[in-house]
Amino acid sequence: MTDLSIARDSRPDVPRPTPPIRPEYERGVAATGAIGDVARPLSPWEKLANVTALRRALLLAVVAAVWQAAALWQDNPLMFPTVSATAAALWDAVLRDNLLSMAWVSLSILLKGYAIAVVLAIGLTTLAVSTRIGDDLLSTLTSMFNPLPAIALLPLAMLWFGLGAVSLTFVLVHAVLWPLALNTHAGFTAVSETLRMAGRNYGLRGPRYVLAVLIPAAFPAILTGLKVGWAFAWRTLIAAELVFGVSSGKGGLGWFIFQNRNELYTDKVFAGLASVILIGLLVENVVFRWIEAHTVRAWGMVR
Amino acid sequence: MTDLSIARDSRPDVPRPTPPIRPEYERGVAATGAIGDVARPLSPWEKLANVTALRRALLLAVVAAVWQAAALWQDNPLMFPTVSATAAALWDAVLRDNLLSMAWVSLSILLKGYAIAVVLAIGLTTLAVSTRIGDDLLSTLTSMFNPLPAIALLPLAMLWFGLGAVSLTFVLVHAVLWPLALNTHAGFTAVSETLRMAGRNYGLRGPRYVLAVLIPAAFPAILTGLKVGWAFAWRTLIAAELVFGVSSGKGGLGWFIFQNRNELYTDKVFAGLASVILIGLLVENVVFRWIEAHTVRAWGMVR
Amino acid sequence: MNALSRAAIDPSAIAYPVDNALPDAALHRPLLDVSGVTLQYKTRDHLVTACYRVDFQLFQAERFVLLGPSGCGKSSLLKAVGGFLAPVEGAIRLNGQAVTQPGPDRMMVFQEFDQLPPWKTVKQNVMFPLLASGKAKRREAEEKALAAIAKVNLSTFADAYPHTLSGGMKQRVAIARAMAMEPDILLMDEPFAALDALTRRKMQEELLQLWDDVRFTMLFVTHSIEEALVVGSRILVLSPHPGQVKAEVNCHGFDLSSTGSPAFQSAARRIHTMLFADEVEADGVGARS
Amino acid sequence: MNALSRAAIDPSAIAYPVDNALPDAALHRPLLDVSGVTLQYKTRDHLVTACYRVDFQLFQAERFVLLGPSGCGKSSLLKAVGGFLAPVEGAIRLNGQAVTQPGPDRMMVFQEFDQLPPWKTVKQNVMFPLLASGKAKRREAEEKALAAIAKVNLSTFADAYPHTLSGGMKQRVAIARAMAMEPDILLMDEPFAALDALTRRKMQEELLQLWDDVRFTMLFVTHSIEEALVVGSRILVLSPHPGQVKAEVNCHGFDLSSTGSPAFQSAARRIHTMLFADEVEADGVGARS
Amino acid sequence: AAEGTIRIAEQFGLGYLPLHVLRHQKLIEKHGKAQGIDVTVDWAQLSGGAAMNDALLSDSIDLGSAGVGPMLTIWDRTRGSANVKSIAALNSMPLFLTTTNPSVRTVKDFTDKDKIALPAVKVGVQARILQIAAEQAFGEGRFDALDKLTVSLPHPDGTAALLSGSAEITGHISAPPFQYQQLQDPKIHKVFSSYDVLGGPHTFNLIWCKEAFRAKNPKTYKAFLDALKEAVAIINTDPEAAADAYLAQNKGDLDRAFVLSLLRDPDIQYTVAPQKIERFAAFMHKVGAIKNKPASWKDTFFEDLHGETGS
């Protein structure tokens, strides 16, 4: 044990503040049963700023304004129509071109492909965390197939599934499966060792372990995968509908866009894209936000 | 404090094992300076199974064998050539069609777009974690633009950047930016509160804080984003090259695929795709594995 | 109510209360047999030996304490018994069977605060192992969980998520979770380290009470000599890193009421000397293999 | 070498060693002024009050201890002083300025084990705040880091990554990190809870030694009354959840050598009674607002 | 672009042979010299009419080449603004409807089990020709009778599907050379040629630009037009040289004899004068694909060729 006095003498040049000696006290403790929210009230402006929907709506308005200004400045309606022209075309397309039912066709196929991909991704990653060869398999398949564009699968899809919705679903599954599996797997491997051990301590193994421990523990990563997968499902669907979508006369949004692009109705093309954007905003701000609020945010897993 | 004897009497029916009383002992402690690796030696078979490269090579061989068998069984070389035909076409394309230099053209554009997207994604997410409006901006922009296919940006890209590499780069940035930003942002928000506080305790703020704390702490998620982004850069590049075609005589892999598809050289089309796959495997198993081994794995952040 | 005010009891006068003793065979076959166990971690550029040729036996209903300086491999040993870590040398046998994997027969309380699944409320957390291991149906599990939560004084927080709890509260949930399981073997890694004196004492009481009811076998890690004497019936003293067995000491004679007694004090002093004899000269706690 | 063997000293005979006293003004303006501070957490469906109208002052070079039962808001108070948590009521002033954000003038040792950036080795971890705050250049930081690491007996683990350390070792790295910074104010949240008796004593010694060299101001959270008496110069006793001030007690008279003395024992008993008086009747540690 | 540079986009296929020839033989440069300017030519390859029009409208290229449909579309949409018009036609070629279904002799024989592949359902040239044929077969106004059988597939994929007989594709309308490759297979036969449907040879591909380009670069424009005319002349007089140019441009190892046989096919004609544009435009106007109906083919052409006899 070091002698304090020696150390003290060794640094005589440093000023050595010494705290004052204060009286002791004891206090009664107040009953606190009814402590409510003592937060300071917010100003109306702060309250408004706290409404996420409002802030985002404003942001959208700014984006729209920038678009409108850029389009007016470019003055090339055949390449870059204004917001107002797009909105008019959108309205027109809803009324006369059945845009809503086209969007529904796309959406329903998309949801089917998405659901299949989610199931496959969970299965594949379960395999990957359970066995080493499964891990190799996932990593190899992902790095092989993930970079392949949907168009490359076209001949194979036709060969195996013919034309129509099944092929489209196949291509969608390809679009969603790999990024989702990558995210899910990364999420699984990042689960804390202690949580893993706790789960295995309960006697959980295999699929039950994955379901009850890994999936919720990796949920933030899985959610990201779902978001990325969702976006890429759209990207792929629109590109693939050009090829597969209209075999039975029922075109989707992709077809609508393609057709109007071919006929140089650029405002309608933008209207089609705008509906993709609107659906994206809706899904992000309603579906994914709701899931987030009731899972990872409620659990304190993300800020 | 509960009286143990009462509790004891209250459950007289349960057998109450009592441990034996054993002698105490003391022991000398051996010098342990030179304890080496006392692991049991592995059998040669186990050793082989431990070589990841070997296991993955085997897996690739299996995939190739399945492909070959399926192709032979389908017997439809116009739609689904065999591995051997593809390999021959690949070899031929390397020797006579300058496949390597085409791959290089694609790769260099891809790397440029990728790099720009990474910088933008980091910037955008830094903004998103620093300010609430930045968060709204990222979330809104991502949900708006992520679902848009590259083809939708084509007219705009041409309008702003003309035909050629710049437009391709723009489309690539679009492909990589959003998923990467999504992953990075999710990673940032999942950083543990304690680590955040530790970082801020050092007086780190703004970009320094992001760079020194958030990025390494969220690195597993960022790495996933980089992998997904890499894959989608390829998907997009190949699809976009088909549409943009070539200007000034320098085509990439996508163009090679398109050209050969037009001339019904399906084996060469597959050779083009195979080179995408090979590059994917190489990047995954060399570049990303190396990064992983020296970061998240060394840090014990993933298993 | 508190130990300081209790009268001292001569520990040598206390023996096990033998009421419904089991047949001899069960008594004389150890439940858990750890023999010559060396544990190592391989990191990228180092090989760390956590403990070296450790042997000890646990008989049924023993409260066995691992005591040793920080980093001597206590947690590692516990993990090995839990089935999470395979020994590179030696063997761990449970009822004569080598331990190869974890299981709900050996409930573990970990040292880390992040052992509670964050997606489950306090109550769900306590119910989780009961349901997962099939030990109880939902209704029964809920009852047991609420009882255990009450024991650790967290009833008002039954529906709170772990991230809203303080460090000590989290540890108490983990303790409740393990106690609700009434397991055959309870593995506890410094469960009371984050608790204040009173809460700690209450937890110790509850634990001993439960032991007396259920007579589980317990392997308990602590760094507090006093706690070892109170909670344990036998103490294994480990040397500093890499941990080796230094001694085994009986302490079934002490309970919560003995802490003030001279016998207790002298036992504490004896173990203290045992543990830290080398340190006085070497003044170093860690040494790397 | 160990406290048990030391002779008892009358605490009333010990006063601050006043050698180079500062001018009066600095002495009589508190460095840190916490007045009427209420801390609350809003969760999705609850509002949790962590502590209620807490006041205390810290003068320069004081070693101020927060003592209270688990969940009474000690960590929350420390976080508020650290600038991580804004009070919903009352104010925290540092040198007369309201605390609004964290800073390297108030180095914090957290209660959780995951406070070490996992991507930095032990040495890098200790150097990190020195470099980040610009307090030292690389060379100097390395020297200071190695010295601090040696003080916490982890020299052999200087190049190990945190995930390869035991719980107690991680806490020691955090302590080294804070001590290497030689900050004006040191905020420590149960830093020694995961340490065995000897290591803990050594850490306490090092901390007091450093204090004597640097004369930083310290706000220290512990749940051990003995530790509070040894480490602190003044103790704030908090009531159970939600924490309110019960008393302030002086203890500058005790140091590491006094633990055996009757004065120490009686001070410990006094605080014990203060802390747990209500519990005896209520037998409940937590109550939710 | 300043006078002296010209950016031309071409596509794959025999239809663009005049462009291949003038590129291969550097005819634009040659005719530029005759005008007294040094012309630098930037060549780009794009993959379809829509991309072509996008590139043209965004000023990424000066001259775009594709089928009749895209030309009429952009002419219609830019009337009164950019005023895109044709410079010249490139060729007249027949488009065949081919099928693997032996029971199909006329378009009336297709049943719901059949699928007809074409590059763009409802909007492409191929789709228009099928619509005209359907109207002829099923009666006035019933032009969309077969649309429900059609499937969008790029030429190569459609061809592969038809040749391999494995997908449910039984019919295909593509373009040379795919349709000729298909007909070499004995299982595949021709249902109609577009020449029968439209009543004679018709223009398939054209090349066009904005009015502003022609106005600002009269010399370059003239150099191009002269070069094109010379290229067409070369093709018609020296097929061997044309075939070499084609093979050089398309690098692939297509059979030279096959190319030559196509060049010698009387159905395949290379001429700068348009044929049956008016018939086509009238149909597109009728079905609402274009809003303006050209009174004569001359409305859609710059006046340089107004002296030719077109239709």
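For the reader, a short list of remarks on this structure follows.
Going by the order they are written in, the chains are A, B, C, D and E; count residues from 1 in each one.
Keep this in mind: a residue touches a chain if its C-beta (ideal position, glycine included) is under 8 Å from a C-beta of that chain, and two chains touch if they have at least 3 such contacts.
Note that this is a predicted model, so its numbers are computed, not measured.
Traced through touching neighbours, the fewest hops from subunit B to subunit E number 1.
Contacts with subunit B and subunit D are shared by A, C. Sorting all chain pairs by how many C-beta pairs they have in contact places A-B at the top.
Interface subunit A/subunit B: over half of the residue numbers present appear on both copies, so the contact uses mostly the same residues.
In whole angstrom, the spacing between the mean C-alpha positions of subunit D and subunit E is 83.
Note on chain placement: the centre of subunit A and the centre of subunit B lie 17 Å apart, centres being C-alpha means.
Spacing of subunit B relative to subunit C, judged by their CA centroids, is 42 angstrom. Each chain gets a centre from the mean of its Cα atoms; for subunit A and subunit E, those two points are 44 Å apart. In subunit B, 74, 76, 79, 155, 158-159, 242, 266, 298, 301 are the positions where the chain touches two or more neighbouring chains simultaneously. Shared contact sites, meaning residues of subunit C that touch two or more other chains, fall at 1, 112, 114, 161, 164, 287. Subunit E has residues 54, 57-58, 154, 157, 160-161, 166 in contact with two or more other chains.
The list of touching chain pairs reads A-B, A-C, A-D, A-E, B-C, B-D, B-E, C-D.
Within the complex formed with subunit B, the residues of subunit A that make contact are 49, 52, 55-56, 59-60, 63, 74, 76, 79-80, 132-133, 136-137, 139-152, 155-156, 158-159, 178-179, 182-183, 186, 189-190, 193, 220-221, 223-224, 227-228, 230-232, 234-236, 238-239, 257, 266, 269, 273, 276-277, 279-281, 283-285, 296, 301-303.
Taken together, the subunit A residues at the contact with subunit C in this complex read 192, 194-195, 197-204, 208, 212-213, 216-217, 219, 295, 298-301. Listed in rising order, the residues of subunit E touching subunit A in the complex are 49-50, 53-54, 57-58, 69-70, 73-74, 77-78, 81-82, 115, 120-124, 147-148, 150-154, 157, 160-161, 166-169, 289.
Against subunit E, in their complex, subunit A makes its touches with residues 76, 78-79, 154-155, 158-159, 162-163, 242-249, 255, 258-259, 261-264.
Contact residues of subunit D toward subunit C in the complex are 1-2, 4, 41, 43, 46, 48, 68-71, 75-76, 111-114, 153-154, 156-157, 160-161, 164-169, 172, 190, 193-200, 202, 223-225, 269, 272, 275-276, 279-280, 284-288.
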